[in-house]
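Please find one structure pasted underneath; my questions will follow.
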Amino acid sequence: MSKVNIKKGNVFLIDLTKCTGCRGCMVACKQWNQLQAEETDFFSGEGYQNPRSTSEHTFTLIKFREYEKNGKIEFSFYKEMCMHCDDPACVSVCPVNAFVKTPEGPVIYESDLCIGCRFCMIGCPFNMAKYEWSKKLPLVKKCDGCYSRIKEGLEPACVTACATAMDYGPHDEILKMAQQRLKQFPDRYLDKIYGKDEAGGTGVFYLTSEPFEELGFDTVTKRALPSYTWPALSLVPATFLTVGAGLSALTWITNRRERIEKEKNEKLDKQNSTESKEEQI
Amino acid sequence: MSAARSISNEFNSYHWFVKLMMMLVVVGAVSAIIRFVFGLGATTNLSDRYPWGLWVSFDIVTAVPLAAGAFTLGAIVHCFNIKKLEPLVRPAIVTGFLGYSLVCVGLLVDLGQPHKGWHVLIHWNLQSPMFEVAMCVLAYTTVLFIEFLAPVAEKFGWKLSIRVLRWFELPLVILAASISTLHQSSLWTFFVIAVDKLHNLWYNPLLPLLFFMSAICAGICIIILEAISCHKWMGQPNEDELLATLIKILPWTIGAYIIVRILSMIFLGGRPVFDTPVMTWLFAVEMGVGFILPFIMFSRMSIQNNVRFMGSAAALLIFGVIMNRFNVSMFGMMDPNEIYFPSMIESLVTLGIIAAHILLFVVIARHFPIFEHHTEPEEHPLPAYSRS
Amino acid sequence: MTNHWNDIQHSDVILCIGSNPAENHPISFKYINKAIDKGAKLLSVDPRFTRTSSMADHFAQLRAGTDISFIGGMINYILENNLIHKEYVVNYTNAAFLINEDFEFKDGVFSGLDAASFSYEKDSWTYQFDSDGKVLRDDSLKDPRCVYQLMKKHYSRYTMEKVCEITGTDRKNYMAVVETFCSTGRPDKAATIMYAMGTTQHTYGTQNVRSYAMLQLLLGNVGIAGGGINALRGESNVQGSTDYALLYHILPGYLAVPTYANTNLAEYLTRWTPTTTDTQSANWWGNTPKYMVSLLKAYWGDVATRENDFCFDYLPKRSGNYSYIKLMERMQRGEFDGLVNMGTNPIVGGADSNAIGKGLDKLKWMVSVDLWETDTSVFWRRPGADPKTIDTEVFLLPAASSVEKEGSVSNSGRWAQWRYKAINPPGHAESDAFIIDQWVKKLKELYAKDGVYPGPITDLDWNYGDGHEPDIDMVARECNGQFTKDMVIKGKSYKKGEQVPSFAFLQADGSTTSGNWLYCNSYTEKGNMMKRRSLEDPSGMENYHNWAWCWPVNRRILYNRASVDLNGKPWNSKKPVIAWNKISRKWEGDIPDGGWPPMNEEGTKSPFIMIPEGFARLFASGLADGPFPEHYEPMESPAINAMSAQQCNPAVMAPDNLDNSGKYPYVGTTYRVSEHWQAGAMTRNLPWLVELVPDMFVEISHELAKKKGLQNGDMATVTTVRGTIEARTLVTGRLKPMVISGKIVEHVGMPWHWGFNGLSTGASANTLTAAVGCANTTIPEYKAFLCDIEKGGSQS
């Protein structure tokens, strides 16, 4: 079993074929982070799902899916949380560097810096950055991978609480573990590790038996999100200089033409004026 | 006569339209105060699903291109040296300056931690389009402010400053154009990050270029509309002739935009585009009514010159750009199960900002020399547009 | 559990029937998953598709209350296809025993029924003996009177067609479960059964369990690693509390409570000490006198002497049935002055809770000792009650929770694990031990003053230190037991006051004490064994003998002598529990069920040491309602018994408030969800859990919802003849209508966690249930009753 190694980047492995939907992880998360309970009414998703989505009060959510397939009932559970991307969109879009990808693995948030533009929320391909809509001076909230625990060599609270489905440890070891399972039980698993390539690679790997879309996973690009914006942004200095220089040159040329003309005219004018002066005289 | 009386008399003497604008500004300001007292969550319909709403879509994403007239015209007049358009420059600068100032106001209203807005100046993140836009908007607003100082100085007769400003004019114009190129396009870069969120009718990697091109079109059209309305309602001289020159540029810019837009969609999309009827409709209206129709109108205008016709074409294009901005920043990311609709407070604040813009423009136009004619119309060759 | 949690990982097939471990025993899935990773198959048999079912390879839906049919069909399949583990069955079970010629089974009834008194005269439920008193047997299993043949005949009626007609199970699913499970009759395969309340909460609950046991014995799955029949215990220390005599009819260590007929110790011992003429039988219960006398010595110390029968007279004698249901009935008749609820909330958890509420109204006083203000502790505030008419004086004593006090907790696997106190209890909360200690001291004082027959109280040997609380360490030492004088036993000498090393050393002469013989060995001279935390595992079987302590004598798998063949070689050498070392002539591995040599050697003993005859019982004469499990319908049922003319268990008396008229067409059943605990005080007051499951709901199928015009989330009214509740409707594909004898039958499922008090309130499912219990244990039939459901309610 892998354990936290704070000298390496750590990742989660969530094996949904082993998740019983007990939601111990959700409660452990609320307890560790001292998050408020949400007011719910009946159920707000399939099965026993509550609340409806992750939020400022809920960093991780077990999504229930209940549907029929080939005449058989499917009842499945999907633990949603921040993916702790390798090259996170939230980190790249934040104008003030409030998000940081730590070497230990978690992507954390420095609330002191945040100006509240909510670009991180737009940027996050997994919709995991949430806002404190309940507050007057709201901040962003999301799973911080239990950074305070990781630093002490403890596993995240949800992993500790989970009896069956979660593992946590150094990236290579966990990836190997996941690949090992796929190889050992080709019948049990869909041959794919969600999170390995999504958004350019994330810090949370999922294994499932059912197609990911069926379970409510988002289909997400395989490229790191910042790689979309960076080409444009990296052109900024060049654009600036090109446009600046181009326009300067243009101005110089057009103005020169004008100047020449003007000078010519002035000369002419001068001549004319002297002429007329002369005439006047 | 008491002071109150004189104020009320003064107020009563205003045009009803001005009164309406003043009222909207007051209501908007009160709404903004309510937003700060009760917080974003309580006063807006923003949510985790829609962290950006009307304020971002209109006050920022839309307002910025609409204020693009200033740099466009500046460049046309000074860099391309089409001097006969010079009379339009100042109104455009005022519009731009007001527009950008109000973008800053809108941004402050929208920020969750407005008191920390200045952090952008210190904690630089060069990877962030938002950082880049913020810096540019700040810089450009400053530039516009300096440009705007010219009429102010003239009005108050500060001789020296006028001379200094004249001397600076050209460099400022070039700086303005360069900065604008950057942020007008970077605004689009915002949405390049929304890879799997923005519908493919709008998502594509050339977004920054497209944004820039459409901003130029929008900027010019705004000037046209402005000039027409100033003539009509503010007793300013008829600029039709000047505008006729301006619209010669438009078929080129709009045409180029349409071509790049369509080609990029065909070649750079790669995913289904016409899969959601609502989105398809939005797209069709945006492109058809907002770009292709004005394109056709503008290209015919060189033959048949008519102010009403010109105004409608410009309005259509502005509509197209606004619609495009909303499609990208809002509708294109809509979740059919959870539709966003701006709250009363959001709408009132935005209306207030628009009203403030118009009102301030009217005030400035009244009191500062922005419609001064000091250049003779000259014949300047423009690339002739052929319809073949 | 015959086995334990860690051991589940050694199973090849895991059958969850009448239990929902994913939701109610979530940690068990750690081991289930381990087994699955090693190739095991998981089966789930339940009226509902649960979170456990979602993990299973095969799910079979059965109608609530039809487990005996379901298993009966499996037994039939095994016998018809000869899938039994023959060597095991012949040598370790009573399959070969010949049964009394008078014994018979006719149309659903066994011989000896006295229908009027709802009881059996069991004279004919006996073996045939030879003149020496030895049981007659036929190892070829051919004799028509042998258990095997009787059983075969009995279960031949349980054909697949018949079974599925009764249970409503889809045949394909049924066969998938049957074939998978019954493939484990081979020596190298193990199957386990994990059961709980879906099994026991029926008027024939014990017979349900019996049917599982028979299945396992036929397949040779008892005693082996990854096998056994495993009751998933409920409350965290319920195993400990039954070990320590929670129930009315047992003393600590499952010694019988004396009855009126047991007029003195000798009478008692004669009545309750089983005997055997079979010299090969260990007949462990033959030690009853040692355990009983040591218990009496623990109770009354030096006062207990041989001369005064070790104070046997001080023990209360029982005259009848003091089970929960009976007590509640008496309370409703106004027969009690007072009631102490120590960690229980009967107005939510008890069957027919409306009636319980009325009973509480009649009390003069009531004490609740609890962590929370339970619904019961404010019973006068329940909807419909008029506080003005209720005179009960109520006391609520705040109790310390499990982490606020020290002591042992015994889990389902019988492991007694010592817990340290983590924090002090808040406010005025006190541990239960403190509260009881105060009561006892006060009682002693009062009895000493002017008590009637004060001896049993004043003479109690009640000395647990001078601290604020009783010294729990001293309690644990006493439970283990001590020598009362210097002794030499088996060549070793022991000093007075020393801890007794194990129950093999307990004496019937007063020289030892033991508060609970089963726990003798838990606290030796080496210290408190329950505190051990070593993770060493020499066998690699994860038995962890130096982690805590397990009764009896740290044996991790019961009946482990059945895990080896006659030569002492494990049936499955890859997963040995114990193995006979021919050279050292000792067992290796787990602590064996007695150290005697293997069955093929001189001086051996039969493996099932707790049974007087030494053989596991396929034919069991000890039960109230028959030696073979037979299918009966629940007390309220939508079906006519398709097996016999005997509709319900003839050994159970039906109460008046049942309705089988057809007015209530749907099968009601109650259960738990992961997110709530029991009667709810502990979870309905916690916002984080209330968030997850905020209110009472009923689950119904899409089909029934359509019929009743109910939509997901709608308020619905559920009614039985006993009461009415309102709840939100959860329409789900996890419940399906089934066809029972050609008729469509629907289930209405509901959790029973809600009550009127607390942060989250809601209707109690027990308003609907009937106070009628199992013939043997009297556990109420919470799992099957008849109800109706309609759209709407006063709250909608």
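A, B and C are the chain letters, set down in written order, and residue numbers restart from 1 in every chain.
Keep this in mind: a residue touches a chain if its C-beta (ideal position, glycine included) is under 8 Å from a C-beta of that chain, and two chains touch if they have at least 3 such contacts.
What you are looking at is a predicted structure, and each value in this text was computed from that prediction instead of being measured.
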| item | value |
| --- | --- |
| Pairwise touch network: line, ring, star, complete, or other | line |
| By mean Cα position, the chain sitting nearest the middle | A |
| Rounded Å distance, subunit B centre to subunit C centre (Cα mean) | 77 |
| Intercentroid distance (Cα basis), subunit B paired with subunit A, Å | 30 |
| Approximate Å spacing (C-alpha centroids) for the pair subunit A, subunit C | 51 |
| Residue numbers on subunit B that touch subunit A, as the complex places them | 37-41, 46-49, 51-52, 75, 78-81, 83, 110-117, 119-120, 122-132, 134, 170, 173-175, 177-179, 181-182, 185-186, 189-197, 205, 208 |
| Subunit A partner contacts - residues on subunit C that touch it in the complex | 22-23, 26-27, 29-30, 33, 37, 49, 51-55, 673-675, 687-695, 697, 713, 728, 730, 732-734 |
| Touching residues (chain side subunit A, partner subunit B) in the complex | 53-56, 89, 91-98, 113-119, 121-123, 125, 127, 130-139, 218-221, 223, 225-226, 228-233, 236, 239-241, 243-244, 247-248, 250-251, 254-255, 257-258 |
| Subunit A - residues contacting subunit C, complex | 17-18, 20-24, 26-27, 30-31, 36-43, 47-48, 50-51, 66-68, 73-77, 163-164, 185 |
